[in-house]
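To keep things simple, chains are lettered A, B and C as they appear, and every chain counts its residues starting from 1.
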Amino acid sequence: MEKVILSSHAVAYAVKLCRAQVITAFPITPQTAIIEKLAEFCATGELRARFIKVESEHSGMAALIGASSAGSRTFTATSSQGLALMHEVLHWAAGARLPIVMVNGNRALGPPWNLGPEHTDSLSQRDTGWLQFYCESGQEAIDTVIQAYRVAEEVLLPVIVALDGYYLTHTTEPIDIPEEAVVDEYLPPYHPKHKLDVADPKAFGGFAGPELYMEFRYKMFQAMEEAQRVAAKADLDFRRLFGRGYGLVDPYRLEDAELALVAAGTLASTAREVVDARRGLGEKVGLLRIRLFRPFPRAEVRQALARVSKVAVIDRAISFGHEGIVSQELKAALYGGEHRPLIYGFVAGLGGRDVTPEDLEEALDRAGKEGPEEEVLWLGIRL
Amino acid sequence: MARDKALKLLNTRDPALKGLLEVPEEEYMYSGHNACPGCGAAQAMRFVLKALGNQTINVLAASCWSGIAGVFPYSALKIPVLHTAFETAAAAASGVRASLDMQGDKETVVLAWAGDGGTFDIGLQALSGAGERNEDILYVCYDNEAYMNTGVHRSSATPYLAWTATTPVIHPQDRPKKDILAIMAAHRIPYAATASVAFPHDLIEKAGKAKGIRGTRFLHIYSPCTPGWRYSPELGIKIARLAVESKVFPLYEVEGGERYTLSYRPRAVPVREYLRLQGRFDHLREEEIGLIQEEVDRRWERLLRWCT
Amino acid sequence: MVKGLFSPGMLPLISISSRTTLDTPTGSWRYMRPLYQDRTPPCQDGCPAGEKVQGYLDLAKKRKFNEAWRLIVEDNPLPAVMGRVCYHPCESACNRKDYDEAINIHAVERFLGDSALAQGLELEPASGGERGEHIAVVGSGPAGLSAAYQLARRGYPVTVFEALASPGGVLRAGIPPYRLPRPILDREIGRLQALGVEFRTGIRVGVDLRWEELQRYQAIFLAVGLSRTRPFPVEGARLKGFYSGLEFLRDFNQGHKVRVGARVAVIGGGNVAIDVARTARRLGAEEVSLISLEPKGELPAHPEELEQARREGIRLLDGRGVRRIQGRNSWVEALEVARVDFQGRDPVTGAVAFTFRKGKGMLIPVETVIAAIGQEADLSFLPQEIRGGGWLLPVDDHGRLRDTNIFAGGDVVTGPARAVDAIGAGKRAALAIHSYLQGVLLEEAKLPPVVPYERLNLAYFIPAKRAESRSLPIRERLAGFTEVESGLSQGMVRLEAERCMSCGVCNGCDNCWLFCPDLAISRKARERGAYVINYDYCKGCGICVEECPRTAMALEEEVQWRR
């Protein structure tokens, strides 16, 4: 059923279709529309779930740790400071191997206070053990949330589905809301092998010293590796049932491209326009959109960029002291491969600054000419 | 009269009160746990679980109990345990509760268990949130008056003028202990009470009472710590008893945030008797003991006013 | 250790613990070891008969009245009698007196004795079978009865010789029936007969039976008490209306006609004097004065007896001596009484030292004077070489007269003492005789140290009033010789037994079990001996020992450290 709705509401529909049982939320812009809609669903009974209006994001995630450990499908949404506040328990949720799904409305961290979209909030949770998907559209958002549960519950790791604040959370588009019965077919009910159960009392998460801790971490590592295959399969299965799929990475006109833009989230839409424009001028330019950031789909990325000679990565994030985060990841992924294009890392659009086609044009131009690839290239800086 | 009842509670042989006094036979804890010899926290858990029974899930925040509960693959409890981060006992318990509710299980008791640091300090926000939402959980704070697991560091439950590793004797704890029960009462939760391991019948009775109440229930259990308070391990119960008898730690209940009831009228032992058994107060001068006595008396009078 | 637990691939996804800490014994942490170790309760220590008071209070608490009685009669065959007449040193020793009031032990004993009588419970022989050696017991007072019983239950044939017409000695001839109703005495003595003790009454050894005739017995126990009144060394003691206390009581108690005037003076400050005074009141005397050399507070009489006498209207003239008895027409007419300085009393002979103060005495008009100033042993029936030259019989530590088969005990050995001392003496004599006859030295088990009040953990006791039996109203008392004390009801006895602090003896209070932080103490029942310490897990914190209310546990070093 197609509806013209906010992407945030699309997320709420996805959560409803997935029959999440425990939801927690603390208000933070720009994810609020998601939880408002969910609150409404829970209040009307359209969704049979307990909605805990927690006093902080930290408690929100902690509560989901409890609920998930007790065997429920869980959901929360947050942004920016809220996600940062959760940091400790993000580790805990992953370490406890709990298939929690969380939507993050990407937003810059203060100070200065800022509400605009930026990926630093979720990208800086890279090492917590969560899977991370970055969406480009409302349709992708609803579909990815559904896929996220499927993947999370198979590999027993939590998933962040990231939506650019405002650009995505607050935009309205016609969205096909999947049929409930088909979602049920796609996503069976959650029945964990181990849960808190008075009939089978076990202690979860007790102390493990150096003689065992590392083995548990190795199991997480293995699960994350496995997650690539599972995510790909989940996407394929989704495509089979719903006629749509996204891949782990999303290549655009890369077949014969010499220069590729790489971006995540809504920036990719602008990039696509620029690619088309340059193609119109006869330049062999393409785009690679990173959809799955964790685990990082090394093989898919290498394959997609196998023929390009130059890459311009546009990061809506910065790791101070080094460079854009996607840029680093990309370099690391390609370094081990046989084909090593020149990679230019651009930082753009921080704090919600608009990244215009002109900015991307500039990036393409500079990627062609400018010097060492180690240099961090800033777009649109006015000093 | 609360006093008579409580006095009789002490006499475990009084047949007239047998029904009231019978300590449940069943244990929900195993020997071999990792508590120090004479640990009050271990006693507190044992007593509480005796009242709650095996249809209980324990959400265990970082504390001494994280270690006491056993190193993987061992568990010291016969009930399910969820180890969780320091400040999350109340929040994680809220989530467990929500999940059980969604599974149609309204009976299982969700027991949030934390120390004084996890309650008075780092976990206070989550606890406040749970209490304000009136989550259907039983929150137990076993209070040993400092961060003991880390090596005896002061918390906001550390009493005035006490020594800890972060409040050395040249500058001991300079603020009075936080009144956590007043804080919880201010949330208007249905039930909040203090209890002491030295008064197990009262403690078990309160835990049992709490079990029968829906909504957020809070038990503040006084739990002596041998290494942290610097006393010989056999004296733990004696010290806990003196804490009550000297009015340092009165036993009372607050229902609905308003109805205060004294559980036991102390024998009014001077605080000196209580302090002198503990190395953490060894440095006190006579006038400082006087200050503590004054403060204890003032707070006692205030409590009595609330109780009427 | 942990590593070996998991074969490859068996490690769970996260640290899910499904084994228990029972697999990790913590007993190795321990350097102090708690253990159960009974001490002696002060009541038992204070009882000359060695009654296991705590033991029978504990049984009474649990309504096991018959078992409680059986425990008493191991040491004392006369609970109903002694529960009435004993001045209960156990209660003076009772730690509870320092807390609130001593346990009313004698009332419990009396109840148990009466209850056994009511049910017709019989004394039972101890295991060991019958023996051939025949033993003679001379005297049927408490020492004689006690020895006879202890020997009879060990299987010896015993014959008791009593000079008076009925057995009981001082219990019958001395103690007035308002303190000890005769049916009680008769029935408890009857029970000894049922056990096989032979009583030959009305036989004065040395008069009715030659001393030599006793030689056919393999052992002889002399328990003749102090049967002779000490002469009253004051002018006027031969006047009509003057009596000696012992004779007065003996006559009255044997049913002889005894008369007193309206005004009676009793001279003496001991328990016999009070028995006399209270008896005189019941015989119709309107004014009874008790004249004692000792100032108030130093009287040898038991304070309870003094108090009862006071309530019955007996006037105490303490710190006074009798200068003379004034007569008229050979009848007593008045006493001259004067203040004295009392200087002391010889505990064995009873001789007193005092001086009259200067000044005129006071003249008290009386019709009857009864002097109860002490008794002495009448040893005239014994050959000189046996009785020696003293007031009392010289015996060794085992109560044996040197190099003979003759043993002695009770007042005839100790001088004036309490009935319970005699019960204990009889018990010990029986053991000595048994040892002698068997040719092995048998001694009473050494008792562990006594628990003083300071060693109790008082937190576990709550103040509770001592149960007191009701006393007969004065008017009814004086109308006859009805028993004054009514005793305690079963319910009161149970409550009173509940008050027992069970000093030094585990009574199943559960504290050790309850407070163990390591769940290392298990219990099969809430009673002594039912608690077991599991040393695999006990960390030796010592809380069980510290919180034992009664010092029935000890903490010992696990390792004796080398210096």
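Simple rule for what comes next: a contact is a pair of C-beta atoms (placed from the backbone, for glycine too) under 8 Å apart; a residue touches a chain by one contact, two chains touch by 3 or more.
Since the structure is predicted, the reported quantities are computational estimates derived from the model, not experimental observations.
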{"item": "Higher-contact pair (C-beta pairs counted), A-C versus A-B", "value": "A-B"}
{"item": "Centre-most chain [mean C-alpha coordinates]", "value": "B"}
{"item": "Inter-centroid spacing, chain C versus chain B (mean Cα positions, whole Å)", "value": "50"}
{"item": "Computed distance of Cα centres, chain C from chain A, in Å", "value": "91"}
{"item": "Distance between chain centroids, defined by C-alpha means - chain A, chain B (Å)", "value": "43"}
{"item": "Per-residue multi-chain contacts in chain C, two or more chains", "value": "2, 15-18"}
{"item": "Per-residue multi-chain contacts in chain B, two or more chains", "value": "70-75, 78, 81"}
{"item": "Junction residues of chain A - those touching two or more other chains", "value": "202-209, 212"}
{"item": "Parts of chain A lying in touch with chain C, wherever the complex brings them together", "value": "95-97, 156, 194, 202-209, 211-212, 215-216, 219"}
{"item": "Chain C to chain B touching residues, read off their complex", "value": "2, 5, 15-26, 29-30, 61, 459-462, 498, 507, 509-511, 514-515, 517-520, 534, 536-537, 539-543, 545-547, 555"}
{"item": "Chain C residues within the chain A interface of the complex", "value": "2-3, 11-18"}
{"item": "Of all residues in chain B, those that touch chain C in their complex", "value": "7-8, 10-15, 23, 27, 29-40, 42-43, 46, 70-76, 78, 81, 197, 200, 226, 232-238, 241"}
{"item": "Residues of chain B touching chain A in the complex", "value": "54-57, 59, 66-67, 69-75, 77-85, 87-88, 90-103, 108, 125-126, 128-129, 132-133, 135"}
